[in-house]
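Two complexes, one shared chain (chain A), two partners (chain B, chain C).
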Partner chain A sequence: MFSTELVAQTAISGVMIGVLYALMALGITFIYSIMRMINWAMGEFYMIGSYLQFMLVAWVLGPDLWWLAILISTAGVFLLGLVVQWGLIKPIFKKPPEMRDDYATVVTLALLLFLRSIATGLAGPNQFTPGSTLPIMMIGPMPMAGARVAAFVFALAALGIFWAVLRYTWYGLALRAASQSRVGVQTAGIDVLSVDRVAFGIGVALAGLAGALLAPVFLVFPTNGMITTVKGFEIVVIGGLGSIPGALIAGILLGLIESFGAAFIDSAYQNIYGFLLVLAILVLRPTGLFGERGREA
Partner chain B sequence: MSAFASTGFGRSAITILVAAAVLLLLPLVASSFVLHVATIGFYYVILAASWNLLAGYTGQFSLAHHAFAAVGAYTSGLLGYHWGISFWIGIPAGVLLSAAMGFVLGRLVLKMRAIYLAIATWAFAETVHVYLTADYQFTRGELGLSVKPLFGSVDPLKYYFLFLGLTVVLLIGMRALIDSPLGYFMRAIKDDELRAKSLGIDTTKVKVAIFSLSSAIAGLAGGFYAHYTVLLSPQMIDFSEMAKIVIMVVIGGFGTFLGPIIGAAPVQVVMTYLQSWGEWNLAVFALIVIVLMRFSMEGIAAVFTPLWRRMWRDG
Partner chain C sequence: MRKFGLLLAAGLAAIGVSAQAQNIGIGLDIPLSAPGDAAGGQMIRRGAEIGIDMVNAAGGVLGKKLELFVTDSQSAPAMGVANYRRLVGENKVVAVTGFFHSSVALGINEVAKEMGVPTLAVQASASDITAKHYDIAFRTHAVDPVRVAAWMEFIKKKGFKKISIIAETTDYGIGLTDETIAQNKSGKAGLDIQKITFDNKATDFTPQLLQIKSFKPDLVLNIGVGTPVDLIMDQATTIGLLPTTPMLISYDAPTRPQYWQLHPKNGEGIYFIAYYSPKSPLSDLGQAFAKAYKEKYKEDPVYGALNGFGAIEILAQGLKAANSTDPKALIKALESGTFKSWPDAPVTFPRADGVYWHNWVPPVLIVHYTKPNQDWKEADIAVTYSKK
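Showing the complex of A and B:
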């Protein structure tokens, strides 16, 4: 049962899916670190990304241009994020500071309900799949579904670009500055509300990207974002809110635990192992994997 | 009487009892369908009020309140289904299990910034949801778990009185808690946790206690709910249930005692009558909430506050 090949295959598929969960966690944590709020509707942006991907592949571009469809879907979710931030989240700053958390929570919860109902109303509870013409690939001796490998490669590329933009561009500097001090960044002449808008757009676009990439793997239906979002939040608890390396490492760790649990214990409980990992981390290291500063109130 | 009526607690208790006395007469005029809607409405009043205790008064956002109700419901349901154990043991067991889960989760997460409670409870609720669906051989999953009715039949009349009584007792209890020293600690934590701590309040202990208590109340409501609806499904932990509770509290008035009581009823009634619209009714509700939040965050209770003051003649 514990053959080397099975262990290696389980490990590879764990890392591959973990990176996609990390995308989701990164979106959550990125929005939080700039705007100091949690966007509870992340899963719905994931869902919209996957529907866009399905529609583009099935009706417009065809399965061979799937990579173009992914770029368009991600861009579409980014634009939607800008609109949502402008219409719903920006007014947060007209509220007194002690009400902002409540406002952000309730509005994004309502947004979750709204988008999900719209999706069910328009597309019904049916499950779609954009399909994938990618052949099964061999990683060493192990066969892997082409769509999963493609998702992994795309996610890695997106993480690389995200990191490079944050690290080396002027706008990335502005974003990092805003995450340190919202007042400080304003004294430097940067419009913090426009930084917010872009940050929100990027954060939900990461979720949309994960949705588009995972559409052929996990199917497309109105609540398909839920499971991946929960994993995103579990990663955030493990890796710490606001930590980018934390999101990546905790994401891979979660992917591995889940993959090994499914292979060696029982695959029916695949989506439960992550929560057990969260409990274990909270018991063993209450400050999170990286000893996040200020986590304890 | 007058001395009793001059305390906040006394006034609230009198008002609740008068309202309950009026509601006792409802079965004289209402059809059994209306009684059914009202009974389910009481269930939501209990959930909304106990969630408000935690979120509105203590400032700790739990997103697993519906999951604790489901824990209470499924505990009693499963004990009865597999081992034929009566609700006399089943419901208290469900309450204890909900409270214990709340306590453990609270101990692990409530030391941290408030936002971690919301995140961890969200993950907890979905994990319970996944478990109930996945372990269908034990929980019957989507097939539905059948539960014995409490009074031998499902005629809503008796359940109406039961839930009315339960709601009155719990509301008066919660009011007493809010007016007790612990209630002041709760509000102090919500206003400024660091300052509350510096004044010598063991804030973590208070938060864990309130979280366990509100989870236990949810478990209690869930237990009775199970023995009324007779069929449980994981739909009970669908996230839209949690959103419904939040919306009820927010429409009524967040962090006010009256809020969840007057918020739950209209939401439940309108949702029942909009059910023919299918999924769209939730979209309509979500829009209402967004608009409400955009313009005012005080909810319906804000309209009633001046009336309340005038009623007891203080300015």
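Showing the complex of A and C:
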């Protein structure tokens, strides 16, 4: 059932969700690019961001100050990230380098289960929503929830700020340098473990921001970060591990493929289309669209 | 010192085994986390726990206390099967009840027919759960044909002609969709049916809903379970499908306390299936349960809680009738007995034909919210359908 309007609506819907997917993936790829470790508990930081947003809007600030709640929720997840890095991740980096991957996997998987259990224990299995006072908006021919449009704008702004900080600030330079050579950064007199802490905080804060932005759209419950982790890793494989532009382009690509596949092929396989793209990328370009071939001694 | 430690450990283990041996275990496999309907699972658990307390307070069964072992299926059949094996193998339960998601119940029954410990499904509706005529499979819930017959009657009453079905790709969603298409054909209803399916782990249903909107249906049948039900409602509202087009939700999720918290603006006008009307009388057991539930949770029990309680009562009465904890004796007692549960009607599990094998079916209602924040007990009843 093709119609120009349906195609346009599907494209807009795909791009909108794609940018939000990219925000989810950016934290994973950023932490990896600096620390060379994968944070398997990324979805749980998304979940914490969504719970903070709900609690702030429902109990403290009210629905009109949803934007302030988003900033506070993101800052809260950033601070939690600093604590987690200091308590759980930093000790890993004092181990022999060849063991880091194994330790990081075990520690972040344990963290995933711990945070999910804490959320279930404290809030129960029920769903919540902070609600939204934003009206439905027309994006071309496509009606969109105000909260989703706001999430899209915030996500684009966050991606822009993130890029500008990395590109134009001294600390961004240090982060980029750490992503190229940890030893080189140390020889320049920079405390690489301190850079790690900030990088981990920023990475999980991006997930927390996604959680806070999407709380009124995709609801708040203990396992709502699960989809974040799955989509995030799909995007990382498609875009290339460690590539920030890759995360944005792969996110939009994934959003478009899922939307068009669901609308015009078969909606039952909506989640499969992304995996087909992942498989195609792995066959044709195993390092991802923007990934670089690694050099190992 | 080491010997003392070993002796202490052995002693404690012996005490544990002895305490366990004094109790009769009943397994409860329910969804307690996503993508399962965790809120639905929680309601069943609440009912079953009160049921255990009430049975034990009345002296227990066969001189022993009942003990509930709860497992989380997450709506995954593989998880459900592993849970069943553990409940039977390690916890030595005499029966396993619960089951919210049809796919989990179907998976478990395939293993249960080999292991022999009976299952009692309280809120899983796929026909094959009982239609396969396994000795171990029992159920106290509405089956697909009855539920579909109820909404076919509703569709006829309203004069709807174009129906969009948005259903999850599970035994529940596909089973209800196929049954609707079959009854449309067999009953010569002449409906124009659009079938859209989705993965129950999906969160963005906009592409599917855009297709539905362009079909211009008279009614949308929302056959999701758990989070997707709410996301479909919200996203349908965004694209202008709701409230213009009526939506019927395929089970009683809107009776839960959080419904109006999630849908303060778009909850009005929704139709949904329910299996119990507060206007219907409860048995004396049901009334005692409702009182205990309200005292504990400060709200009225919904169907899931009532049926979770009912399952424990039925199993307790079955064990007493069998005068044994042997699974075969329990199955025989369940098949031949008449049991008292929460409804004011006897519950039986005859070896009946087709889907009604070992199956007690409650009446199916279609309920309509006509005001915002309406208590479901005061909502309009559009259709009441009982098994013919």
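As a working rule, the second predicted complex is superposed on the first by the 286 of 297 C-alpha atoms of A that agree within 3 Å, B and C clash if a C-alpha of one lies under 4 Å from a C-alpha of the other, contacts with A are read in each partner's own complex, and residues count from 1 in each chain.
Basically, contacts are C-beta pairs under 8 Å (C-beta built on N, C-alpha and C of every residue); 3 or more make two chains touch, one makes a residue touch a chain.
It should be emphasised that the depicted structure is a prediction, and the values quoted were computed from it without experimental measurement.
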Simultaneous placement of chain C and chain B on chain A, clash or fit: clash
Chain B versus chain C as contact partner of A:V278, first or second or both or neither: first
Partner chain in contact with A:V106 - chain B first, chain C second, else both or neither: first
Partner chain in contact with A:Y269 - chain B first, chain C second, else both or neither: both
Contacts of A:I227 with chain B and chain C, given as first, second, both or neither: both
First, second, both or neither for A:T129, with chain B first and chain C second: second
Partner chain in contact with A:T120 - chain B first, chain C second, else both or neither: both
Superposed model, chain C segment overlapping chain B, candidates 2-10, 56-64, 164-172 or 344-352: 164-172
On chain A, positions contacted by chain B and by chain C: 116, 120, 226-227, 268-269, 271-272
Complex contact set, residues of chain A against chain C: 1, 3, 5-6, 9-10, 13-14, 17, 116, 120, 124-129, 131, 136, 142-145, 148, 217-219, 221-224, 226-227, 258-260, 262-263, 266-272
Residues of chain B defined as touching chain A within the complex: 61, 108-109, 111-116, 118-120, 122-124, 126-127, 130-131, 134-135, 191, 193-194, 203, 239-240, 243, 246-247, 250, 254, 278-283, 285-287, 289-290, 293-294, 297
Contact footprint of chain A on chain C as seen in their complex: 32-35, 38-39, 41-42, 169, 196-199, 201-204, 206-208, 210-211, 214-215, 227, 230-231, 234-235, 238-240, 258, 261-262, 264
In the complex with chain B, residue positions of chain A that touch it: 32, 38, 40, 88, 91, 95, 98-99, 101-103, 105-107, 109-114, 116-118, 120-121, 226-227, 230, 233-234, 236-237, 241, 268-269, 271-272, 274-275, 278-279, 282-283, 286, 294-297
